[in-house]
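Two complexes are shown next, each including chain A; its partner changes from chain B in the first to chain C in the second.
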Partner chain A sequence: MSPEDTSIGRAVRFLSDRFPVDKLSFAALVGKKEVPVHKMSWAYYLGGLVLFFFGIQLTTGLLLLFYYQPSVSDAHASVDYLTHDVAGGALIRNLHAWSCSAMILTLLVHLLTTFAMKGFAKPREVTWLSGVALLIITFAFGFTGYLLPWHQIAVNATKIGLQSIEQVGQYLPGALATLPTRLREAIQGEPSVGQATLSRFFAIHVVVLPLFTMAVLGLHLLSVQIHGMSQGVDRPADKTERFFPFFVLKDLSLWGVVFFILATIALCVPFESFFSFPLFEPYDPLGSTPDGIKPEWYFYFVYYPLEMLPFWLVNLVMAGAVFVLAAAPRIFRGTGRQTLRTLAAGAAAYLIVMTLFGHRIYAMVKGGH
Partner chain B sequence: MARHAPALLAASAVTALASSAGAYPQYQKWIQQNSGRTVSCAMCHENPDGPEGVKAGQLGSLDAEARKRLDRARNAFEPGARVDSPILNEFGDHIISTIGKKRFVALKEHPELLPPLLDGSDLDGDGISDGQELRDGTHPLDPQHGDPRRLLKVNLLRYRFHLGMLAAATILGLYGIRHLLHWFALQVRGALSAGDGRSSTSAKTS
Partner chain C sequence: MTDTFLLVGLPYVAIGVMLVGTLYRFRRREYGVSALSSQMLEDRALVFGTIPWHLGIVTLLVGHLVPFLMPGVWRALVSHRVFLLSVEAVGLSAAMLAALGLGVLMVRRALASRLQSVTSVMDQVILALLLAQVVLGMLVATNFRWGSSWASGTLWPYVWGLLTLRPNPGLVAEMPAVIKLHVVGAWIIALCIPFSRLVHAFSVPIQYLTRAPQRVIWTTERRLRSLQEQAGGEDPMEARRHVLHGVSALAGASALLSLGVLDKFARFFRGDSMSADQRERLMERKLERVRETETERALEVERMKRDLIPVGRLTELKAKNGLYFIDYQMRPALAFLGEGGLPLLISAKCTHLGCTVASDVDDQGRILCPCHMSYFDVRSGEPSEGAPAKAPLAHLGWVIREGETVVASQLPGGAVEGTIDPTRAESYEVCIARKHTEGRA
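== the complex of A and B ==
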């Protein structure tokens, strides 16, 4: 048995294939990189767009930190002060809220198009896996950030989310059954959602997750630059264009246009105007809970099925979906792009239907909220 | 007994007020039906749970001075009176001040007649009249809350200068990048024709 056939040898070969040292130069990573030009080329801009929205999240989030007070007594008042009394505060907050939604939407489209274009195939497994990790981190950003304003919908929706984690325990065997409860207690920090929960969510949202994001994003971008854009279509593209400066400058143009649209929306349409105002009253543990407590729209694809179908079934399907995403490079190794496109279209249809019409389907099934 | 008389009077007054405080659910019901939005007592009252109770802004929490203010507000039967009720917010005070308590009570059977009477004011200055905010079920004291389409229309007009400047900056940026791309393409084409030997088809694609 040669040293290369051992598991360590295979691991070394795997890593050297994914991170070839000879390609770790500026010339190889940027100067010589070519981007295929074909009918699906627009999808290559999606990753950069997600990065752009993340940059806006980071910048506006830092500005919000100047005023936000992470305590149950002051959180709502500080957000209220920031929104109504600080010059430009409402704009910054709306930019943060709108770019969060835009980032998640773009990220989902990026994931589906990359899947449809077989962008996960060898040697891009690390790119794909780090992308899936970034998707999960982004959802965690959304979940933890939702609680911070400490209003009715924030606290009540977080309570429901944390209860759902605990419920998973009843379907796990033996000692594993207590794991979700302990996880919930660790996140919650006290018997009910309170100051400890807010402190932990704040720390996770502004420190832990950004650090994770930086690390995983660094790996993702390095991997993208090393291996370049995937072929994307079955027949190799006749044309390519240089990544630098052509693709980068086009990317910048797109960012400029998108920023104009985003700023216009953030300036003219407050994000909270789509909801009933009682949802944004300060959370009162002794007061009544207003109607319409729901998670953010990007969780509807799991929220409405949870409301309509058995808990175990939805969790099983979602766990299966995460497993399929993580194992896609192996599962779909020999699958053609036509099949992948059909699967991606099916997933997109499900996400669109559940997000836009989930409440109507729920009303039909259960007879309304 | 005489020693306890003021306290008893106050208690009975609070009870009497409390029994009549929630006497106008017709407005809330109509707004919710008309707008499709959930509306709480916080639209007109200090406390989101309404005037009954002992929390801040509720009848049970009022001291003697606040009760006097409440009495004055409850006696503002005609329009034009200055209203400063301890259980109503600025919008609640504004309604009573604008149309008078008598008319407000009379309109409870026809809540749809209330918004037109408030179309002349815009307390939060968001560009949507208070009457329209009532119809839409949005908060009349929060400039960040209104019907999204109306806010878009109003704010596009309000921020036209800012948006114009932003559009100009974007167009200028795009113009600059386009010319930069053109310049780079020329450079690549020049290098190719000079026999640089590069295999890139950048010039072709640019």
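== the complex of A and C ==
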């Protein structure tokens, strides 16, 4: 038996395939990298675009921090002051909101195209898994950030979101049934959403998640550079183009165009214009919940099913989806890209239909209110 | 007399000599119409001289020409503060760029020995004249502000008068010496055009912008191959053009970005510019929010300290419209007037996802949770058929007291203890009691 066949030998080979330290040089990471040119090449720009949006989030978020005050009495007033009185404040806040939506949209397209191009196949499992982790982190960013302005829709939507944790309790036996409630109160920090929740969400949104993102993103980017772009199509492309400087320059010019579009939208279209005004009044713990409480659009794909279907079913499907995402390198080891593309198209169709027409389907199912 | 010569005689002489001389040169000495490029002799400093100079001077000439050609449009434009400031800023920057370029060109002529043999006296005169003219222009722009605005009503009518043979030097004669010098300088430069390399200004080589670059180099096969390798297999000249495009686009984009973005950042840091009135209103709003928080905190403290919490007077309760209050667990609840003139207290926290239920009772005796449309019967607390909420809203116990004496009470679901006297309802107070909550989560 040769030393390569022992279990240690296999483990070493596994690790050295995923983390080829001999490739840790500028020449290997940047100089020699080639990007395949084929009809799906546009998808190679999406990851960079997400990174760009994240950069905008980081910058504008940092700026918002200079004025935001995370307390139940001051949060709304400070956001109000920032939006209406500080020069450029409305723009910065609007950029943060629009870029958040743009980032999640791009991230979802990035996920689907990477899946369709079989970007998770050996040796890129680490890239894929860190990407899935970043997806979850991004949704956590969205959920925690939504509460911070402390207006009606923010607090009420957060209450509903957290309350659904408690719903799991009804499916658990005996003493376990109260576990979700205790979990919810642990997250909230108190029996109902209040100052403790705000402090926690603020800390998570502003410190914890960015730190996690930096670590996971570092791993993600490093793996992308080490292993290069996946070939993306079943028949290897005849043409490649050099990553540096050609691809990088195209990347940068795309960022420039996107920034221009984003800044124009942020200047001209306040993101609040899609909601009715009373939702943006300060949260009133003593009054009734106003109409039209909804999560952000990027949660519709799970929100509307939750409204229409049994709770356990939706949760089972969602857990299954996360499992499939995490285990994709294993499950789809032998699947061809044609099949993957069909699967991704199906998932995309579901997301688009649920996001755009979710409320109509809901009205149809529930008989309209 | 001097004014008349400088402002009327000189211009006509200059324009005449310029037209005749330039036409003569174009007709008779076509190959003499040239910028007399010395790039072959020295090309390093030239880049840093000729490019800033031409960028600057072309911008300035356009800026001087547009108000002359379209005075009405121009006056409308410069009446906007932002446009006026932008024009002045761009003009001054262009002038500095031009002066910088000229400076580099002069130093270059002075230092490179190869150039001195081809430098004529006229070249030196032209360089000095141009520099003087640019400096004079900068002095005008900084000492007599908003020239882009006032010149369109004074200087350009003067030039227009000259061109239409109705000279009117009075408009300029009264002006400060610096401005007059700038005007006179312009005529002198015009006069010099046919006798110097400045004549190339009339042979605008527009096709140079788009034609493939030509460059005379002493080259070998090996040099070409290595250049091609450096450019990633591209034609080296093509690649160079792409890089130039890319770099200039990046530089332009960065400049725009830093202008646009940094400006926002700087203002953002500086904060607001509110009037005293606005600031007062802001502080009032903030105070209001703090007061609301105070109310809420007071409620919490009250629930920790006291065994009975008043909800309201019995006479305040209505059958059709609930009164919101906060129970011992700081959850919302509603107080209605129930059967027999007794209070009916019910939780307002929806058993589905915890929204606060609305306070109006509909015709069927139900209250509505607006989040997912669950109707709850007020008397039983039960949700309606098919509602997302499955569990009923809990009823709360109540205590009625008059002053400090307890008159009547009811445990949730229990029997009423004590009786009330409807005639004294005015002095009855409805409370919730801590003892009713014990043993409940």
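In this text, the second predicted complex is superposed on the first by the 348 of 369 C-alpha atoms of A that agree within 3 Å, B and C clash if a C-alpha of one lies under 4 Å from a C-alpha of the other, contacts with A are read in each partner's own complex, and residues count from 1 in each chain.
Criterion: a contact is a pair of C-beta atoms (placed from the backbone, for glycine too) under 8 Å apart; a residue touches a chain by one contact, two chains touch by 3 or more.
Treat the numbers as computed from the prediction; the structure is a model and nothing was measured.
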Inset, instruction - Check chain A with both chain B and chain C modelled on it and let me know: fit or clash. - result: clash
Inset, instruction - Using the touch definition from the top, say if A:E307 reaches chain B (first), chain C (second), both or neither. - result: second
Legend entry - Which of chain B and chain C A:R242 touches, first, second, both or neither: both
Inset, instruction - Identify the partner contact of A:D291: answer first if only chain B is touched, second if only chain C is, both if each is, neither if none is. - result: both
Inset, instruction - Classify the contacts of A:G89 with the two partner chains as first (chain B alone), second (chain C alone), both, or neither. - result: second
Inset, instruction - Name the contact category of A:G256: first (chain B only), second (chain C only), both, or neither. - result: both
Legend entry - Partner chain(s) touched by A:V72 [first = chain B, second = chain C, both, neither]: second
Inset, instruction - Classify the contacts of A:S276 with the two partner chains as first (chain B alone), second (chain C alone), both, or neither. - result: first
Inset, instruction - Answer with first, second, both or neither: which of chain B and chain C does A:I160 touch in the superposed model? - result: second
Inset, instruction - Pick out the stretch of chain C that clashes with chain B after the overlay, from 225-233, 261-269, 315-323 or 387-395. - result: 225-233
Inset, instruction - Pick out the shared contact residues on chain A: the ones touching chain B in one complex and chain C in the other. - result: 242, 246, 249, 252-253, 256, 259, 263, 284, 286-288, 290-291
Inset, instruction - Could you please specify the touching residues of chain C with respect to chain A in the complex? - result: 232, 246, 249-250, 253, 257, 260, 264-265, 267-274, 278, 282, 285-286, 289-290, 292-293, 296, 324, 326, 329-332, 348, 353-359, 369-373, 388
Legend entry - In the complex with chain A, residue positions of chain B that touch it: 37-40, 42-43, 48-49, 55, 137-139, 142-148, 151-152, 155-156, 159, 162-163, 166-167, 170, 173-174, 177-178, 180-181, 184-185, 188, 200-202, 204-206
Inset, instruction - Could you please specify the touching residues of chain A with respect to chain B in the complex? - result: 34, 37, 83-84, 90, 239-242, 245-246, 249-250, 252-253, 256-257, 259-260, 263-264, 267-270, 272-274, 276-281, 284, 286-288, 290-292
Legend entry - Interface residues, chain A side, partner chain C - complex: 63, 66, 72-74, 76-77, 80-81, 85-89, 91-92, 156, 159-160, 163-164, 167, 191-192, 242, 246, 249, 252-253, 256, 259, 263, 282, 284-291, 293, 307, 366, 369
